[in-house]
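Here subunit A shows up in two complexes: once beside subunit B, once beside subunit C.
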Partner chain A sequence: MRAFQILIDGFAISALYALGATGFTLIFGVSGVLNLSHGAIMVAAAVAAWAAASVLNVGTYAGALIGVGVALLAAFATYFAVVKPIQDSRRIPNEEKEIFVLTGTLLWGIMIQELIAYFFTNNAKTVLPIVEGVVEILGVRTPKNEIFTAIVCCLVIALLWLLVNRTRTGKAVLAASMNPRGVTLLGLELTNIYIVVWAIYGILAGVAGVLLGMFLGVSSYSVGPLTASAFSIVVLGGLGSVSGSLIAAFVVGYLETLTAYLVSPAYRTIPALLLLVFVMYIRPQGLLGRR
Partner chain B sequence: MNKVLSGALRSALGAVAIGALLAASGPAFAADPIRIGVIAEAQAIAGASIPQAAQLAADEINANGGVDGRKIEIIGYDNHSSSADSVRAFQRAVNEDKVNAVIASYISEVVLALEPWASRLKTPFVTPGAASNEISKSVHADYEKNKYTFHGYLTSAALALSVCDGAKDLLVDKMHMKTAVIMSEDAAWTKPLDVGYEECLPKIGLKVLDHIRFSPDTTDFTPIFNKIEGAKPDVIITGISHVGVQPTVQWKNQQVPIPMFGISSQATNETFGKDTNQAAEGVLYQGVSGPGVAVTPKSVPFAENFKKKFGNYPSYAGYTAYDEVYYIADAVKRAGSTDADKLVEALEKTDWEGTIGRVQFYGKDDPFTHSIKYGKGLITGLMLQWQDGKQSAVWPKDVAKVDIKFPSFIKLSN
Partner chain C sequence: MAGFFTSRLFFVSLALVIIAATLPLYVSGYVLGLLTVAFYFGVFAMAWDLLFGFAGEVNFGPTFLIGVGAYTAGILNAQFGWSVYLCIVLGALASVIAGLVLALPALRVRGPYFGLTTLVAVLMLQNFIVVFADLTGGEIGLTIPDVITISAGANYWIALGFMTISAAILYGLSQSPVGLVLQASGQDPVQAGALGFNIVKHKLAAFIVSAFFSGLSGALLVFYFGTASVGTVVDVAVGVNVIVSAVLGGRRTVLGAALGAIFLIVAGEFLRPTGELATFIVSAVALLVVLFFPGGFLGAALSREARS
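Take a look at the complex of A and B:
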């Protein structure tokens, strides 16, 4: 009974982590950007969905769409207002650009966080679930919303896989992650690829944020922990490796759930962080890292 | 005025709610204003009402001619729920903005950080919402040093008593409940609360089956509810303030069949309904006042005026902050001065009928020196329940408007 409970809960949370981390790792893989405003974009999506549905009363579906739309806008804003100017700058030496991008996106994330706290308070908000009610699975009373969350996460990840592996645009993205110079030699504009990647990222982060808002709820305080959890999952899986991130997301998700049920909810995140440190010692490139 | 204006502008991000500069209208004022610094969590559900309510009280007092011709001026500071920011704000309030008294915070950790500063800077300081017993115990332990601090809200010990008094009538006598699990967040204010619960629940006939303390950072409450359900209690007795929305929504989404009863600070604010998408339905929480509840003749008019002005009913700390401005003004009047020591003396003699009951402070010899007195004829608190999207009083009988009712997923065992 308890084993099933852990199995079911762990799956939903892991799927959500996977979705959140996929976009994060994709951006890094393709353009070398570690986007530290990741958590802020997810929270912005959830809070926008909440505000649209609960304050403006546009309905659950429209609210969710608006949430994803806001994440998309925020992703483009991050790219055009923060990342691109740094990448294009002639005054910043190339070898320092990564640090500038890190700092820039971190500050950008804090700005978004403060804006959310200012306009919507720092208390948690929960997005109205698209499906309500509970069902019994293997004797475990499971909210339908939890199942919905898991299904949507898996679907979106599957779509992403199709996009990357089966479409021309996706293949260009993949190529850019392997050899950017080679891509430009083939006559593809790198900037266009980046825009596509940021758009994919915005949608992934938006869907993850809205689902998180429905499943657990978010507040402006969630910004830091969300970025940190995506970051550690991605590092654990191997920076830039999408499949590594997926595996790592499930490892972290289940480890946390096991700890919460079998030890104490208070220590939830600790074993996963210890694992991260351990992996860094014996395999610094992460589980499926290329370098 | 200029100085105040620039001060307000500096803290404008967040202190907007204060609508600080409304004050200049009304009767002509001769002497120096009485300045009250309000340091609060302008971005938190429970804290946002503090500066708003204080300003409302000041506006009313000023419209009636102020205090002996002096107007009350509220100077607001947003502390971003941080102790460090609060200490800086306190220093600035006293040293630069020359406030005569400070009203600050609903978070015990913040208030405990400010208490020594009230002593060092010799500035009367009242908290409208923190609960830790340590606040007034420190005053008792070193009266001469710490006498500047007043605890304008119930101590955790009194809160536990209030919850138990309510639980006895509502849960034990009426619904014949026998067992409970305590669920509280890990914070300074819940330590004495839990001690109080552990002591008074068995006395009223509720056996405590388990006691779960969880980190305020918790986002997934599934394992906690799961553990509670495993113990099969009749009721969950809550002690939550930093969290509120998430456990409440997950309680509903997971259809945890056990009612929640106790302290849930965020539930005291009207916006809680929207923030939880009405998952609050059925939640029972302790309050010192509430919309439409005539604890005193002042309660309802205050709540209505507040709503008219700010769009929602105040949180619990709004009621206390409103009263505090009034009794600070009253103390200034009685002391005939804003001198800190005289003001402290006058505050100790406070006997003020506010929105939450009759406010008096425990004296030097009581272990909770300078905390407001709990008891019949003074302040007893009430139990309210979220019903049909509204907060309704269910206890005590003389103010109760409705009977308890639960959403359909709650399965009462008796």
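Take a look at the complex of A and C:
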């Protein structure tokens, strides 16, 4: 009974983590950018969906779409206003661009967070779920919304896989992550590929944010923990490795659920952090990462 | 080094310190309190800059070192009643040990991986403090019975003196041959190693120095506040402020980091009437500086001087 409950809850949370972390790792894999405004973009999507559905009364579907749209806009804004200027800057030495991108996106994330807090207060917001009610699975009363979350996450990840492996654009993205210079030599514009990647990222972060808002609820305080959890999942899986992140998301998701059910919800994040430190010492490049 | 004592930077710094030292004679206790905190923050930022600007190690968890120093001093004083000065020294020592532990992965992994390890260290410390609430006061914070002094002026002078001495030592170190080797090993470890310098030893030394000043400053801050809490010395947001200060003031300048920290804290206070938008405005200004003046305040000023 309890085992099934852990299995089911853990799956939904893990799927959500996986979706959130996939976009993050994709951007790193392709353009070497660690986007520390990740959590802020997810929260922006959830709050936009909440505001559209609960304040403007546009309905849950339209609200969810607006949420994803806002995340897409926020992702483009991050790229064009923060990341691209730093990457193109001649005054910043190349070896220091990484720390500048980190600092820049971090500040940008704080700006988004503060704007959300200013206009929508710090209160936790729960987006109206698209599907309501509960069902019994294996004797566990499960909200339909939880099943919906898991299914959407898996679907979106499958779509991403198809996009990357089966379409021309996707193959260009994959190539850029392997060898950016080679891609430019083949006559592809690297900037266009980056724009595509940021668009994919925006949609992934938006869907993840909206689902999170329906499943657990968000507030502007969730920004930091969300970025940190995506960051640790991605590092555990290996920076830039999408399949590594997926595995890591499930490891972290189940570890957290197990701890929360069997030990105490207060210690929820500790085993995952310990595992992370352990992996960093034994295998610094993560589970499936390349050096 | 000798050139420094005749440079314009030296005279400007000297003048600033002298002006700052006379402040308690004519400004209110409120301003002094604000600046006292800003000076301790300045030391955090300078210690961070030594690691990042010179050793090339991106430490996302400056608050791990600060927090260990602050909490060690606080716990020894609050739970065991040891004297303030002993607690401060032991806090700094605990921080040095923490710095050594933190340095171990740094010698194995580089770049973002090391950055993450330091971030995880902060999260672990934060969890540790919450889990062992009996000892540490948990989320509410630890109340500390003793203070160094209750006079606002004396506290201010202690902070100013501490910052000035730290700045002199850290700046001197950064300009010394050791600092140059550090800078070389940060920029190209392979070549620096090929020239015969022991990179591991130098980086370890940088960690110890950075940890010592972070911990000492953290311990002093705790005895100024009279309380140690996650929100003031450990939270990731505090670490972010330290990093932003250093980048804002100008990385690889040491002294700029202190300027950045003072600016950040004073600006935050000036913007208090704007309410919740204060943090937004400070972040936006910091972002603009990062984008358009990547050298920071001092970097921009120094390069102008070099050109003219």
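Everything that follows uses one rule, which is that the second predicted complex is superposed on the first by the 291 of 291 C-alpha atoms of A that agree within 3 Å, B and C clash if a C-alpha of one lies under 4 Å from a C-alpha of the other, contacts with A are read in each partner's own complex, and residues count from 1 in each chain.
Keep in mind that, in the parts below, a contact is a pair of C-beta atoms (placed from the backbone, for glycine too) under 8 Å apart; a residue touches a chain by one contact, two chains touch by 3 or more.
Remember, predicted model here, so these are calculated numbers, not experimental data.
In the superposed model, A:59 makes contact with neither subunit B nor subunit C. Contact with subunit C, but none with subunit B, is seen for A:92 once the two complexes are overlaid on the shared chain.
Looking at the shared chain after the overlay, A:216 reaches subunit B, while subunit C stays out of its contact range. Look at A:118: by the touch rule set out above, it reaches both subunit B and subunit C. When the shared chain is aligned, subunit B comes close enough to touch A:143, but subunit C does not. Judged by the touch definition given at the top, the superposed model places A:266 against both subunit B and subunit C. When the two structures are aligned on the shared chain, A:182 is found in touch with neither subunit B nor subunit C.
Residues 114, 117-118, 266 of subunit A contact both subunit B in one complex and subunit C in the other.
Those residues of subunit A that touch subunit C in the complex are listed here as 34, 82, 85-86, 89, 91-92, 95-96, 98-100, 102-104, 106-108, 110-111, 114-115, 117-118, 224, 228, 231-232, 235, 239, 266-267, 269-270, 273-274, 276-277, 280-281, 284-285. Chain contact summary for the complex, subunit B toward subunit A: residues 13-14, 41, 43-45, 48, 80-81, 186, 213-215, 217-224, 226, 243-246, 249-250, 253-255, 266, 271, 274-277, 279. For subunit A in complex with subunit B, the residues that touch the partner chain are 5, 9, 13, 53-55, 114, 117-118, 121-129, 132-134, 141, 143, 145, 216-217, 219-220, 222, 225, 257, 260-261, 265-266, 268. Residue ranges of subunit C in contact with subunit A, taken from their complex: 52, 58, 105, 108-109, 111-113, 115-117, 119-121, 123-124, 127, 130-131, 187, 236-237, 240, 243-244, 247, 251, 276-277, 279-280, 283-284, 286-287, 290-291, 294-295.
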